[in-house]
Amino acid sequence: MLLEINNLQVNYFSARGKTPAVCGASLAIKKGEVLGLVGESACGKSTLALSIANLISPHEGKIAEGEIIFNNRNLIGLPEKELRALRGREISYIFQDPSSALNPVYTIGEQITEVLLGHENISKESAKEKAIQALKSAQLADAERVFSCYPHQLSGGMKQRSMIAMATILKPKLLIADEPTTALDVTVQAKIIELLIKLKNELGLSILFITHDLNLVSTIASRIAVMEKGKIIRYETKGLSKPAAAEKRKTETQSKENVLEAKNLKKYFAVETGFFRREKGIVKAVDGVDISLKYGQTLGIVGETGSGKTTLAKLLAGLYTPTEGKIYYEGNKKIIRKDFQMVFQHPFDSLNPRMKIEDILKEGLLIHKIAEPSNIKQRLCDLLDMVQMPKDSLDRFPHEFSGGQRQRIAIARAISVEPKVIICDEPVSSLDVSIQGKILQLLLELQERLNLSYVFISHDILIVKAISTTIAVMYQGKIIEQGEASQIFEHPAQEYTKELMSAARY
Amino acid sequence: MFKNKLTLFGAIIVGALAIIAIFAPFISGHDPAAIDIQQALLAPSSAHLFGTDQLGRDLFSRIVYGARVSLVIGFVAVGISIVIGLAIGSIAGYYGGRVDSVLMRLVDIMLCFPSFFLILALVAILEPNIIIIMVVIGATSWMGPARLIRAEILSLKEREFIQAAKVLGASDFRIITRHLIPNGIGPILVNAVLGIAAAILIESSLSFLGIGVQPPSPSWGNILMEGKSTLGVCWWLLLFPGVAIFITVMGYNLLGEGLRQRYVVRDK
Amino acid sequence: MIMLRIKNLKNYKLPIILAAFLFVISGCSQRTDFKNNSIITASIGDARTLIPILATDSASAEISSLLYNALVKYDKNINIVEDLAQGWDIQDGGLKIIFYLRKDVKWHDGAPFTAKDVEFTYKKLIDPGVRTAYSGDFEKIKEFNIIDDYTIELVYKEPHAPALSSWGMPIIPYHLLKDEDLNTTSYARNPIGTGPYKFKKWVTGEKIELVANPDYFEGAPLIKNYIYRVIADDASMFLELQAGGIDLMGLTPLQYKRQTNTLFFKKNFNKFRYPSFGYTYLGYNLKNDKFKDVRVRQALDYAVDKQEIINGVLLGMGRTATGPFVPESWAYNAGVALRPYDAQKAKELLAQAGWRDTNKDGWLDKDGHIFEFTIMVNQGNDLRQQAAQIIQRRLSQVGIKVKIKVVEWSVMITEFINKKQFEAVLMGWGLAREPDCFDIWHSSKTKEGEFNFISYKNDEVDQLLVEGRRIFDTKKRAKIYKRIHEILYEEQPYMFLWIADQLPIVDKRIKGIEVAPAGIYHDFIHWHIEKEND
Amino acid sequence: MAGMVPLLIGITIISFAIIHLSPGGPVELATSMDQRVTAQARQKLMHIYGLDKPLHIQYADWLLRLVRFDFGNSFLDGRKVLDKIVERLPITLLINILSLFLILIIAIPIGITSAIKANSFYDKFMTVFVFMGFAMPSFWLALLLMSFFGIQLHILPILGIKSLFFDELSLAGKILDVARHLILPVFVSCFVSLAAMSRYIKTNMMDVLHKDYIRTARAKGLSETKVIYKHALKNALLPVVTILGLSIPGLIGGSIITETVFSIPGMGRLAFEAVMARDYPVIMAELIISALLTLIGNLIADIAYSWADPRVRIGKRNV
């Protein structure tokens, strides 16, 4: 065994005292093995990872108990100096977001050579040489130029490759990759995984691969540990399949009428900086989009981060005013507020933390005077029922619920005003795979029951396919391909669409 | 919240001052306005805890009553600045675009004035009475709160629950009052607590220049101002009001700092 | 690590820093030779202009008085005596005044002083384009004739007794200013006079330095350097006195009584005390019904203990006042007796005037209104504010409710006094040595911006004031003004409060100071320094 | 830069309106209750100052002159306002730059170390220490120091910026003399502003210490010194540059008190005297110049920031 963690307990300090983050987790990694570690956000997986080389800041938390045996040495209680010698040399890390994990005020080169200079007696020149070598083996084509670049000059994928180069330059025994691809585009994710596999084989690394995406991890890991509430609860050997979304509703109710239609829709943002607010440029987030949605149908929109799909969603929901172009709501130019609702991406953010669930759900009813005051309570219970939530939720605050539950509440809020269309902006992407399916199922059921139309936005073409009647592929603010779901899936016309699909199938 | 002892200390000072100000008549023991020339300039004794001033008034009771004046100035001035700041900041942040740039331009203009100079000029030109002083301090210190509130609202505005409320069709007023303000109040509270301390200091500086709250109403600033001319002899006239200001400002700052740790420096 | 670094620093750098610091804070703070030749005085405000006919502030006037001379001046006993004029004739019952000028006077640049300079000064005083505030007295001149270089003849429109003293206005040089715009000329900061001191240097906001004029026609001053420092805060100024940076300053009563009795002060300073030329009063708006009844005004006078105010506010450093003149003036009527403090008498008089406490709430009332009024005080004047507080307390004891309103000076004048929007005001008059007070008491002087803002009207006083201006004989005039004094105290348009004492303190090494009715500065050029040996 | 014009116009309009619409005025202030001055004479003065014209004409006149950089003449002494300001600006700048420098020298280590040792006894001690300066009325502190160092110990001069016998000193003596005079004023203006800056730096530093790249640096096995002084420090100090620009108006405002207590003839005292005397041209010029200084300060801060921060210095390249 390269690493053995036994009964690890880590506490964080907080205003309310000690909060346990890892409670008695045990884990083992063999030499040359890739171990996947999955779990919902806040289940303690990152804390576990940080504890290994004791990177938990003494101000924030403390390892309370347990042992971490690395190469037959217990790392707990090891003097800081010895730990420091291990970090970067024997145990390396890659973090989730390369844009924040790299220091913005130093060049990539400085940050990589620093590792060498810190651990080895080596001249600056040869450190530079080695660093460029490492950048090259991280498959950065223009390694010399990257070496002298500041992080902000590089794309996300390049930054993560640089991080990987930095983490592997001293050929460590253990590489801890904490959600290394989550912040990256789908198409880039696959390439990073490939790179990690390549390096693992070349350098004989052991990797602890942490992610919330079970599907992703199964492409690289041989064993997968599942973590929940600070404990490892079970091991899986292979990934779960993609969300077992309910069979897509057969679109019998073929309607000719458009409930929502956008023509040549554009939205530009100006970028300003400094005390004097000079205008620095324009971002064309949505740049000439034509789409339409018929009654009772679902329009799926798929695209990467930054493709403009969220802006499009907000335009459609009337949250942004278009720079150019028109949107027709049932043929009208003005939105009928209660008929067009939205479900958002982050269930942790979409509910006002200072309001009880009752108040959150009641708000729409009060605004549109939908229920008689005497009926409100009944109506709220019905809504909770529809999204399969217990009635006693009404009295509680959002932070008392899990992500999936919150998303159900958010859906309940959306349907509370009896809308015709719901625009769903990545409604499941921040949820666990197991829960994703259930939420999709719920959405489909509600569509049937309430005769809803959806605009469904996601970066994951598989999810979109599972729920949509028609699909539009968005890239750099434009729709590059749209049509019947099955047709797009089986015969993609654009190269980009194919890329999206192959990345998703990984 | 009071885990930090300094914050607790600050809170105790602030609380004690509030009690002193509210119950001034019961605490002071003397009429702060009672002139008795025979008793002028007495050093502290059991009869006059802090001694007496040039007109023979009891300094302790003047300082106790002065707490009222000084705290009222602090609270009202900050109240005014927060109300203006809230209005301008939330309108600018919420509506954005043209409204935002015009209002923020106004904020920039106001920020270019050295605020103490502006306060001084306005108070001197208008009239140095307590109401004018409070209004002027308030009217020249709302830019901080306005910027803060705007920034808070800009970040809150992008939060999904605000968007959700909009999609539900909530009115702007409802969104600002029910969703934005309750969630953004923390930093404003911190700003208010620190602002009170600053306002008390500004009043004392104005008094030093002769245009603070004017006698006979006692403010710590004008008591200190009167004591200034006795420097070197009647030490109590200079020491006690100065210490009163010092402790108060310290208390509010420690409390504000504690609140800041809680509300502004968000832990991960 | 930080600690570690400081430790390293401690080893070798700290002593150096410490030594440097000691070096900086040491160093002699006094220079004996400098002190042996110089007198240093200080003021809160900087001078504004050294063109005396433009100056309205006391700092400018003070410096100007050392740089310039006028035709006449007051001697130590407050008589008008020769200065640049070596004599004068008053003819035609005061319609004509002839001045004979000194012939031995030179400007500091060597040019001779002549009648041309006097004429020039006169012309500038009446020039509407010059921002002088003192044209009033000179507009009464009908003709200004130069008889010869050293004789001038003035013809007045009517006999004007204050005319002579009006020529206490300093004379400015024709030859230097004839082509200058007086309002903007750089001469204002680089003046040339005829006086005992010559201008040397002006560092704005910091100091003005003068140096003795060796050719002064009354003989060179004995102290070589005169330095006028600007110290913006009175507490700082007092500290600087103790630090040895000032030789001469005016003390507050508190400083005089309480802060300068230590051994240190006794060893190093002399204190002086003499009455000032001015009085402080509470003026009533006589247009206001409350104050129309003379019995009410007398009652108020009875109800306030003036000696208490003097003791409390001035710590006894002042005298009671019975009228618009100071005891040193020949116009003062010593026969006017002070009303004693008598609250009972005050109540009786008020009752006679109809003010009684009918509802027993502690406040007097009449026709359903309580007796209540506001005293206005200008901000920044502690003494007056304290006096107002004592008056407030005393009047409350006879059942009169007084409020105090502190207002900035210019606002008080423009918004309240000039518009007669006040009930009572606590102010002071600085007096000229000339007793003419036509502008203050004559009933024709009640328009906006004029000085009879309390709207006082008494036919006898009106008549006496006119008469007093036309007669030049001091004895006859004295009779007139003594009568005015008597009437005003009886009628109480003002409550006369006090005449404060001047309280200068001077460094002991400066000798030759003589206290006279005119104060101590009348003989400034004969002050000298006892040399110290270091 | 174009943004400065509307700012400046706004500044001029607001200050002109406030000052000129207010009651009272310079003529009354200088001449009221002086028996030698008649009402007609006052009218004449009003005319000479141009105060009898309609307000918008006065404003237009003033603005037209301003464009030619002519601030007019002071009501008090008839001197060119620009001359008055130019002779007073250097000393105010000197004191403020010195104290700003001192503030940074002291506040940076305090801020950084308190952030590192957050919540320790050291941190608490420093919190109280820096707030002590903030909580004392500056004039009070100044008077106490003057009385202690100047009168009791007699080791420091208490007023002004140079001795009366300054002219007789050698060059070294002159420098020393000014240095001695500057100790107390610079210390006071530094001590009272220390809290704001050191708190700001501490907050920044604590923010930075939570950043992912600090964790990365630790994960690389760098020593704590390197992590803090190389990776955290630079990032924490960058925003200080912008704060310096914004702190200029506060410093000018603070100068009013310091310069009055210490009797230093600078901009602050000029401002105060002008306000008390209603010397409109000077008040307006002070406002414009301090606004200009603020704008210039912010411009410099903007430039310095973009020079120091690679994210701004080197624009994003499309990769």
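Chains here go by letter, A, B, C and D, matching the order in which they are written, and residues are numbered from 1 within each.
Here, a residue touches a chain if its C-beta (ideal position, glycine included) is under 8 Å from a C-beta of that chain, and two chains touch if they have at least 3 such contacts.
The structure presented is a predicted model; accordingly, all values stated were derived computationally and were not measured.
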item	value
Centroid comparison with subunit A (C-alpha atoms), farthest chain	C
Of A-B and A-D, pair with higher C-beta contact tally	A-D
Separation of subunit A from subunit D, taking each centre as the mean of its C-alpha atoms, in whole Å	48
Subunit A-subunit B separation of Cα centroids, rounded to whole Å	45
Between subunit D and subunit C, distance of the C-alpha-averaged centres to the nearest whole Å	36
Distance from the mean Cα position of subunit C to that of subunit A, given in whole angstrom	82
Overlap residues in subunit D, where contacts from two or more other chains coincide	23-24, 119, 139, 143, 147, 151, 224, 260, 272, 278
Per-residue multi-chain contacts in subunit A, two or more chains	275, 277
For subunit B, residues that touch 2 or more chains besides their own	108, 124-126, 228, 231-232, 268
Pairs of chains satisfying the touch condition	A-B, A-D, B-C, B-D, C-D
Subunit A-touching residues of subunit B, taken from the complex the two chains share	1, 3, 101, 108, 159-161, 163-171, 174, 178-179, 182-183, 262, 267-268
Touching residues (chain side subunit B, partner subunit C) in the complex	33-35, 37, 40-41, 54-56, 124-129, 210-211, 214-216, 226, 228-234
Subunit A partner contacts - residues on subunit D that touch it in the complex	1-4, 118-119, 209, 211-213, 215-224, 226, 231, 234-235, 238, 242, 245, 298-299, 301-302, 306, 309-312, 314, 316-317, 319
Subunit D residues within the subunit B interface of the complex	6-7, 10-11, 14-15, 18-19, 22-24, 119, 124, 127-128, 131-132, 134-140, 143, 147, 151, 195, 199, 203, 206-207, 210, 246, 249-254, 256-257, 260, 271-272, 275-276, 278, 283, 286-287, 290-291, 294-295
Residues on subunit C engaged by subunit B in the complex (per definition of touch)	234-235, 238-239, 242, 252, 254-255, 258-259, 308, 311-313, 379-380, 382, 385-386, 389-390, 392-393, 404, 406-408, 411
